[in-house]
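Listed after this line are the structures, all set down as structure tokens.
One chain, chain A, appears in both complexes that follow, with chain B as partner in the first and chain C in the second.
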Partner chain A sequence: MKHFNKILFVSLLCSILIGQIKLDVSTIPKRVDVYLDGVNLGRSPILNERIKPGLHKFEIKKRGFAPLSYDLLVNPAQAIKLDFFLNPIYKIKFKTEEKGLVFELNGEHRWDVPYVRLELEAGDHSLRVFKIGEIIDEQIIRVDEPKRFNYYLKKPLTSN
Partner chain B sequence: MVRVLLSIFFLNNLFGASQDPTYLVFNHFDKEIPDAEKLLIENFNDSKFEFDASIKDIFSDLDSYDNPASSHMEMIKDLGEQYKVNFILLNKIEHKEDRFILDGLLFNTRSGGLIHRRKINLKHYLNGQINELVMWVGKTLGIQQQEWQENRESILFSDPESISYEKTPMGAAIRSLIAPGWGQAYSDKKVSAGVWFGVEASLSLAFVLSYLNYDKSAKGFLSNSVLYNGTDDEKLVAKYRSLAETDWDNHIIYSRLAIALASATGTGWVSNSIHAWIFGPRPYTNIYQEWDNSSKSNKG
Partner chain C sequence: MLKILNIIYRFLPSFLLLVLFYGCSSFKGPLYPEIIYNKRQPLISVTYEYGEIELILPLWYDAAVPDNILFKVYAQADTLHPILSILQESPKEFLAYLPQGVLDIQNKTNIIKIIPQDNNFDPVKVRFKGIRFGRLTLPRKTIKMGQLVVRGNTYLNKNDSLVSGASVTLQSYDNIINSTKSNQSGKFQIAIPGEYKYAEHLRIVAGENLIFKPFIKKLDFSKSRKLELKIGLGPSDKMKEPLYMTNKNNVHFRKSPEIGSETLFLLKEGEVVSVDKVTPGEYFGFIEVSLDKSKNIQLEGWINRSDLRLVNFNNIYKQQFERNK
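This part shows the complex of A and B:
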């Protein structure tokens, strides 16, 4: 009876382990919450985790960074290592002293007030400027740190 | 555009020259990545590459199989025999909006099976694909250089909490608390620095003068009181009494003035520090309308 229990336990363990794939997840930055199919696996780096073959959804979340969602088809008989790079979100202030302008960012967000605070993902963003319903400017602005943007219609003769 | 790059990669540094494992490398990029081959050669200069762009994307259907690890076993074995290589390395880079996904697969030509797979999901940055490709290839070869890791860190945007600035509002506030106007000067606001320094210096000087006058009046009052008590001469009594009363009145006036000026100096000192913090050095960028002229945005 004692041996039977041991054999049963080993059999169960084997059946659980067989068909599962070794999973390593690394992230930049580290210590990020990693969710697999809605279940928190813990904080990265995740090492020697096991995953079943099939379609899985990874969600990577950390405060101050854009969350990342990634669908992955895991195939049998392979070890898989995933590297995720989270993009930071910076606090941006956008200010203008010009009158009657409407700003549009990435074709989504619009405002017409002289000062706004935004939280933007690091990288390039498309800025369009409208005046009396007509587009008067379009350019790419790069968000690479928390900072303030000052928008001017005319470049001064001497800039400080 | 699908670019297929075929290279034969002879390793000389893993197991010695007598039994060098050899690699056949396929690079499948959906967009052209300039200098990919050149940089691979440069980064693994102990190895030998051969390039042949004639073979098309033979593993494009890999994920459609139930078991991709064994899906192309015969083909892998055939390629192994044909090119006399031990391993086949497949690097796929696919761009999706502003991100790219590097899918790396390593096959063993003896068994024909997939032995290692690595996926990297990264926002697109300058030279990011090349750096990640080199890191992945290096990983499969057991070669990792600190420089690659540093490159990876450098091409990523900084963690907001780890960004450090040479000049900060707090630095300006502390300086202004030590010496009025210093924080403003530190923030390159010369006029403001001059005004704050002038105001605080004037208030401080006025306070010192008021205190000295107060002290003088207080001592004069005590002195005249002693003289007043020490004489019986009516004229001198009247004189010392008059002087003592004047000193008393002055001592009260200068006392109140000194307190008011001390309060004003202290309040101004703290206000100057708060002002230095509010208008302290912070990063900004000036954006100028591009459609009106050819001006570009200037970094402030």
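This part shows the complex of A and C:
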């Protein structure tokens, strides 16, 4: 029993000495599961965790927000504080009265119906419009809230 | 008719619900099956908090204290670029705050260079192994005055040939502080602690193991801690052969050969006499007397033959029994 206590104490001491960097993690929004190198640290905010210097991977997933994966080379320091701002996903309605058009977002997502509901990550998206296989229009859609876009050929998108 | 109205009445709510459902779904439009990401870089803030290294080096001054000291701290064996450079009045302990992570924590490649702003002191280096952060107190370092050094060569005055194996000692009064011998090339270097800088009666004595009178010179380190001396031993080339040497101390060197004539000097053992005339009991000749640093004069006089022996330049070293006398 004495030996067991000794081993426990030594291993505890080693773990404290090796992983000397104090780690705090905050996220916006709060109460998000934070994974460090695949291990769940718990829900944010995370306080007084320990991390070793070196390369680490942080992963954060929450419904309604773009998943976040971040590789960080942690330098030797007394403490490190990480703030993650998750990128929200907004519900967008896209409508056009033009006929025979094919729409493409970010070079990979296509539809040809006049009215569609989309879930878009906040930020800029690249819209291309095709007609009979040819690009007839290109625009940048800026998404910063739930919106309804109305598309008119070769006119800037209007939202309401 | 009533029957028809009754049926309509019974199915009206279901019908209205169907109309509402299909109407609204057609109004909402289809949902695109995937979430569309724009691969925007997430906003992430990384803040490091670095600790400090409190570096303490206690100092002890032996004999003398320099006015000012320049401290330079080098890390990770980089001796070109100091991470810290401080000039301050000689402190009891050197204290510096360094940012975390600058020191080598694996090996002793970090250096504190202590450079006293005083010619009497030599720079000192302290090598140490660093820590990640926190307080690091190093062992006390003693700051001593730099050594006093005399270097030069020993040669024969007679022909300027270098003398090897000639003893050289530094003495305070008659106390030997350090001793050495000239090497095969006739060169020597001898050092004593810097605290003797201001000692009076500090002298160098050379050639005590030779048959000649030893070379004795007072040393003055007030202007420099390093002196260069060319030590000429034995008689000069102005002393004509045959050369004799006194074989004991307190040999009378007299003005004339008569018994009872005036004694000019009492000669020490090893004094060389250039003999010019011989009588049955006495030799007439010259001795060499140095007046100052470089000037020698010759004085004539008479000496008992029994007090002299012929100088043998083939072996200028004293025999063991002679040295033990």
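Heads up, the rule we're going with is that the second predicted complex is superposed on the first by the 134 of 160 C-alpha atoms of A that agree within 3 Å, B and C clash if a C-alpha of one lies under 4 Å from a C-alpha of the other, contacts with A are read in each partner's own complex, and residues count from 1 in each chain.
Quick note on the criterion: a contact is a pair of C-beta atoms (placed from the backbone, for glycine too) under 8 Å apart; a residue touches a chain by one contact, two chains touch by 3 or more.
None of these values were measured; they are calculated from a predicted model.
*Asks:* What does the overlay on chain A give for chain B and chain C, a clash or a fit?
*Replies:* With chain A as the common anchor, chain B and chain C collide in the superposed model.
*Asks:* Just checking: does A:I51 make contact with chain B only, chain C only, both, or neither of them? Give me first, second, both or neither.
*Replies:* Touch status of A:I51: no partner.
*Asks:* Return first, second, both or neither, reflecting whether A:Y115 touches chain B, chain C, both chains, or no partner chain.
*Replies:* In the superposition, A:Y115 touches chain C alone.
*Asks:* Let me test your reading of the model: by the given contact rule, A:V34 touches which partner, first (chain B), second (chain C), both or neither?
*Replies:* After superposition on chain A, A:V34 lies in contact with neither partner.
*Asks:* Classify the contacts of A:K81 with the two partner chains as first (chain B alone), second (chain C alone), both, or neither.
*Replies:* both
*Asks:* One more residue to check, A:V25. First (chain B), second (chain C), both or neither?
*Replies:* Neither chain B nor chain C is touched by A:V25.
*Asks:* Between chain B (first) and chain C (second), which does A:L72 come into contact with in this model arrangement: first, second, both, or neither?
*Replies:* After superposition on chain A, A:L72 lies in contact with both partners, chain B and chain C.
*Asks:* Who does A:G123 touch here: chain B (first), chain C (second), both, or neither?
*Replies:* Both: A:G123 reaches chain B and chain C.
*Asks:* Just to be sure I read the superposition right, which of the two partners does A:N106 touch: chain B = first, chain C = second, or both, or neither?
*Replies:* The answer is second: A:N106 touches chain C but not chain B.
*Asks:* Once the two structures are fitted together, what part of chain A is touched by chain B and by chain C alike?
*Replies:* Chain A residues touching both partners: 68, 70, 72, 75-85, 87, 89, 122-123.
*Asks:* Could you please specify the touching residues of chain C with respect to chain A in the complex?
*Replies:* Going through chain C, the ones touching chain A are 28-32, 34-38, 40, 42-51, 100-101, 132-133.
*Asks:* Which stretch or stretches of chain A touch chain C in the complex?
*Replies:* Residues 20, 22, 66, 68, 70, 72, 75-87, 89, 93, 95, 105-106, 109, 111, 113, 115-125.
*Asks:* Considering only the defined contacts, which chain B positions touch chain A in the complex?
*Replies:* Listed in rising order, the residues of chain B that touch chain A are 63, 65-70, 98, 113-123, 152-153, 156-161, 163, 282-293, 295, 297-298, 300.
*Asks:* Can you tell me which positions in chain A touch chain B when the two form their complex?
*Replies:* Residues 28-29, 64, 68, 70, 72-73, 75-85, 87-91, 122-123, 127, 129, 136-139, 141, 144-155, 159.
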